[in-house]
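Both complexes below contain subunit A, partnered by subunit B and then by subunit C.
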Partner chain A sequence: MSEKKNKWFSLKLSNKKKVPQDTGSCGCGKKSGGCGSHASTEVAKPVDGFDQVMGATMDRRNAFKQLTASLLVGAGAISTSCSVTSDDAAKEKAQIDWEEQFKGNYKLMSDDEKKATVDRLVRSHQIRTQDTLDMSSKTAEEGVLFGYAFNISKCQGYMDCVSACVTENNQDRNSQMEYIRIHEMKDGQGINFGEADDNYYHEVPAEGHFYVGTQCFHCDNPPCVEVCPVQATWKEPDGIVVVDYDWCVGCRYCMAACPYDGRRFNWSKPEVPKEEINKNQHYLGNRLRKKGVMEKCTFCIQRSRDGKNPACVEACPTGARVFGNLLDPNSTIRWVLENKKVFRLKEDLGTEPKFWYYMD
Partner chain B sequence: MGILTTNFTVFLNRIKDANRRKKTMKIRKSIHKDYLKNVSKFVGVVLVVLSIFSCKHHEEEYHKVTDKIKELSKDYHGTSITSNKFLEEMNLMEISEGGHTFLIPERKSQIKSYACTECHTDDLNKIKGKDAKKGHWNITLKHANEETMNCLTCHNGDAMDDLKSLTGKKIDFNNSYNLCSQCHTKQFEDWKGGAHGKKIASWAPPRASMTCVNCHNPHSPSFESRWPAKYNTQKIQERK
Partner chain C sequence: MGSLKVFKSLVIDSLDIITHGTKKYHLWMAFLTAVMLAGMYCYSIQVEEGLSVTGMTNRVSWGLYISNFTFLVGVAAAAVMLVMPTYVLHDVDFKRAVLIGEGLAVAALLMCLAFVVADMGGPNVLWHMIPGIGVFNFPNSMLTWDVLVLNGYLFINITIPFYILFRHYQNKEALAKVYVPGAILSVFWAVGIHLVTAFLYQGLQARPYWNNALLGPRFLASAFAAGPALIILVLAMIRSHTDFKIEDKTIKKIALVVTVAAQINLIMLVSELFKEFYAPTHHSESAYYLFFGLHGKNALMPWIWTAIPLNILATVVLTFHKLRNNLTILYICCFLLFVAIWIEKGFGLIVPGFIPGPYGKIAEYLPTGIEIGVTLGIWAMGAFVFTILARTAVEIETGKLRYKKK
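Entry: the complex of A and B
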């Protein structure tokens, strides 16, 4: 257990320091090796959220509750890991599953813990599919606050952005999930989402129409974050609102709280054809999701934190999309904000979206 | 007499009672005062504590994101993220226009048949006439109308390897944006600032932007209508 100060959320009510867990006992009863649940000694084991759960002092009732839940997972893991018949890969996978089950909230992890969980996920994917991934846990850069601008007079409704987004972010192909919506609006009726068509299929741009794109606006005062009962979604220091897919319980409060229809829910198990999987992934971004969790646009966190433009910006053939660092006074996004007539949707709600619209 | 005494004692008792009552009232009042004082103190403290802890924006002192941007960018020192690794392979050139310095793709190396004089050795003043045979058979000019533009509005018949401005000044193919900006002044302003056109690869500095001819075909600059890249059949099902 870490000697560091308790994190603010800690359940540890007593000040007793627990002894690190190399007592060596596990489900298999052996003192070392063999069963796969023993951590190898040469690798310094990062302190993970495991301790957030296991180190907590609690009353008997709560303890039993937690035990029942974990027993179900544990039973599966141990039966595989101690089995003589199952192979090493299966045992390792069981070990990974076990550790993943007890990891903490990503937001509260140290950089080492983040790296450890990413490594586990990559390894787990490798065992399952014999395919390698490149997953990152890159943190926010200081002096960066991401912002976005959308030129209404330039968008022609080609939907190249939507297509690029789906491919980049490994969105579910079965339910045809899309983060971006392009709304076709009639000239002279203003921005009227009630009358707009966001699923047109005819030659574009259509006569007498204009196009407005929406997606997650990465509000600076995000209502979705406020309502999450388990703090599985939060605003990163660089302004990106993210979801920890492994911490989300799927209650969809955030979906209801979002005034912009920015969030999507996985009603079924997301499927992406193996050859179409984008292997450049980020834990908080486009890694493969599971059934029953929320997801949404992350400004392509796997790209933007690396310096690249999001996939939609890159795909747009008309240059209607501008992306950049709001804190850099010389950035193009700042020029747009300072020199064009910009507005945001539902500004009166006080959500402070970091997504501006402008016209030529 | 007896009655008188009794009356007197009763009277005395009443006075005593009244005094006692007065005293108790006094004490009561003072207690109440103290109580009020304490309560108001307590309420005051509670209010102060509430005002400290109940503010929704407890983590940030900004109420508007624009305030935040203004404040935080005051001492902006740049970041470690740059666009260099994405631009390495590209043939870019730096330009400075109206206080903006940025990179644009070099053009001449991208034109298939440059330099023009490799073929065009004749005097080209002939093509000014309407009857003249069209050179570059696949090029049709769909840019403004015939009264406004023809080939020689931009191309120089006497010096094929360069473009020319409306007043006949030489414009290099690499800086063709100077040609476009003669008419499209607003677009030029927006492009310099970054509101028009696309940036290349990265949001980080140094900035690299596409130039006019990277998106617009100068002979037919407007975008063509076409079918959308996607059609969501599932959405139709869900909304039935």
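Entry: the complex of A and C
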């Protein structure tokens, strides 16, 4: 138990150490630069280099902007001479698409830039569908590190968590993408994933079976983040591993690197029926994705950063799912970790998942 | 200014050469163009619909494209087996073959890059990966290392032959002090590209089938067998279709390289099989799936059981001097070896890495027609590029193509 405690302490300490350093280099103290990687001064330095690169990107983008502006003037001149009621919306949309295509990596953006891209996305959606979204770019709060625990004794395999997750996170309905898998295991065989069935269609709880759920474990040492060639995926300061869908190039190296089957790819254009779209969105969370990019569980970042539980936790009828702040000594998750015999999957890989299993 | 004029003349002359030829040549090029066009059509469907038109899924997320990419990195690296004896060890027997080898490396590298791009979900945002403009996750991601070494190797393999041919075109000797440093660099670089590509897989703790210290060395051994085997076949083709003289001695020396590499590769295969099957652990499941199938799923069995006997047969036959020195037998063996290693290092390496999945799920992979179309198109592109390069090089080296001062 004390060893476990040490682990949070090491997390906590590294978190604390990092904050003052980051405020120096990135201004905001939470996002940008080093937040995703290790907490050491050596790492913080090259991040500045990236920031400088981003400075260069801005110049290029300004150049593009001016180029677009002049193009639009030209195009405008033509269109005004041809049509009467000019398509202002179409023009604006073209401008937005252009800026979106050449924007930088979200991880390295300043707060203003983050807000700007979110505004553009909301506006673009409005032009396309006449619908308003509520998209957030809310950053991590200080002193928060999210963790999750799963009670194997309680889960009955109802899969309410799975459907709640799909609805909440606007996942592609055509390919039936699901972040959570519930593995049905036989009593007497122990936790044996090889023999388990993660695709059952019968009444639950089935006699002589128990259920274990898996999803992204938001590792503290995530292999998926290391391998990404463009830093399109990273660990936020509150421990959530996120993907910038607009920066991902779709190489799927992260998918090969994940030992927990935590990542999903959009093999074709994801479709969500208009009336089913969850409009309460976050840039790093459940906003609508596009074809050819990775996505994954974000602990419902649009909910958890607003102080709510993820959709799976809220939907679970048996109370098998516990979510909370690992740095808050009075949280339920801390109580579980201190009072139950918890374990994690594939601990030998050194990934340090922030997802624990326990039994009553 | 002067050299610019010569360069212009070289471009015009080589264009003239590659657009003229025998009927057979035109048929060959027309055939390759048709395959390329078909491949581009398939790719356009893939761009439109997404990667869902391929056989890849969330369970097996890399397939035919990455398999071919891995194999072709080896073919590219194999040029070193000609470069080293020629430029570093000054073995005159290799001198005529080396330019062909380097041309093959260029074609293989272009195919590698094409396969990687074909595998991308967002080819339109690939600029995110360009250092300086995008964000390059160097040195953490092995993929960024691979981007660097592959493009660097491509640069070396374009510039050295170009310099030599450019000098010969003007009836001048190529200066050794100019190109030998580059050649020496390319020797290390060739080993580098293949080791880095192996590390791409080897570094993933999530996939025990790849996370294996022998993977890198095995990559090198199989590459130095399959690559020169292809070079022998190409040289045989060039020899019979052009005036370019390549002596038997050259081919036999390259055959020796192929043989030794194939023997080492076989030893490593035995070592790998021993480890997987003598005391099988949970981590041997991928190998079990590959060789024997798991839970009735055995899509890869026919492939691997074609590859292994071919590999053993070719290696054993090549080992006997008498058989190896018979050119017909040599060509057949080279072909068999090439096919065997293509299977083993392509399909046989990439797909079982994902099977069984992280939680033991066995979902099989079969490429779709569109995937195969794109793959054939890229191979045709490689053959097309190589034919153009080789024809120009051969014409210059045989002295038919020379700069005419006016």
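The rule is simple: the second predicted complex is superposed on the first by the 274 of 360 C-alpha atoms of A that agree within 3 Å, B and C clash if a C-alpha of one lies under 4 Å from a C-alpha of the other, contacts with A are read in each partner's own complex, and residues count from 1 in each chain.
Heads up, the rule we're going with is that contacts are C-beta pairs under 8 Å (C-beta built on N, C-alpha and C of every residue); 3 or more make two chains touch, one makes a residue touch a chain.
Bear in mind the structure is a predicted one, so any value in this text is a computation, not a measurement.
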Touched partner set for A:C248, first subunit B, second subunit C, both or neither: second
First (subunit B), second (subunit C), both or neither touched by A:L145: first
Touched partner set for A:S175, first subunit B, second subunit C, both or neither: both
Touching partner for A:E352 - first (subunit B), second (subunit C), both, neither: first
Subunit B versus subunit C as contact partner of A:V336, first or second or both or neither: first
First (subunit B), second (subunit C), both or neither touched by A:P237: neither
Touching partner for A:G319 - first (subunit B), second (subunit C), both, neither: first
On subunit A, positions contacted by subunit B and by subunit C: 175, 198
Sites on subunit A touched by subunit B in the complex: 141-145, 147, 149, 151, 154, 156-160, 162-163, 166, 174-176, 178, 182, 198-205, 220-221, 304-309, 313-314, 316-319, 322-337, 339-340, 352, 354, 358, 360
Residue ranges of subunit A touching subunit C (in the complex, touch as defined): 50, 53, 56-57, 60, 101, 104-105, 108, 175, 177, 181, 183, 193-196, 198, 214, 223, 226-232, 246-253, 255-261, 264-269, 291-294, 349-351
Of all residues in subunit B, those that touch subunit A in their complex: 57, 64-66, 68-69, 72-73, 76-83, 85-86, 186-187, 190, 193-199, 201-205, 207, 210, 215, 223, 225-236
Complex interface listing, subunit C residues touching subunit A: 49-52, 56-58, 61-62, 116, 119-122, 124-126, 128-129, 132-137, 140-144, 147, 200-201, 203-207, 353-354, 356-361
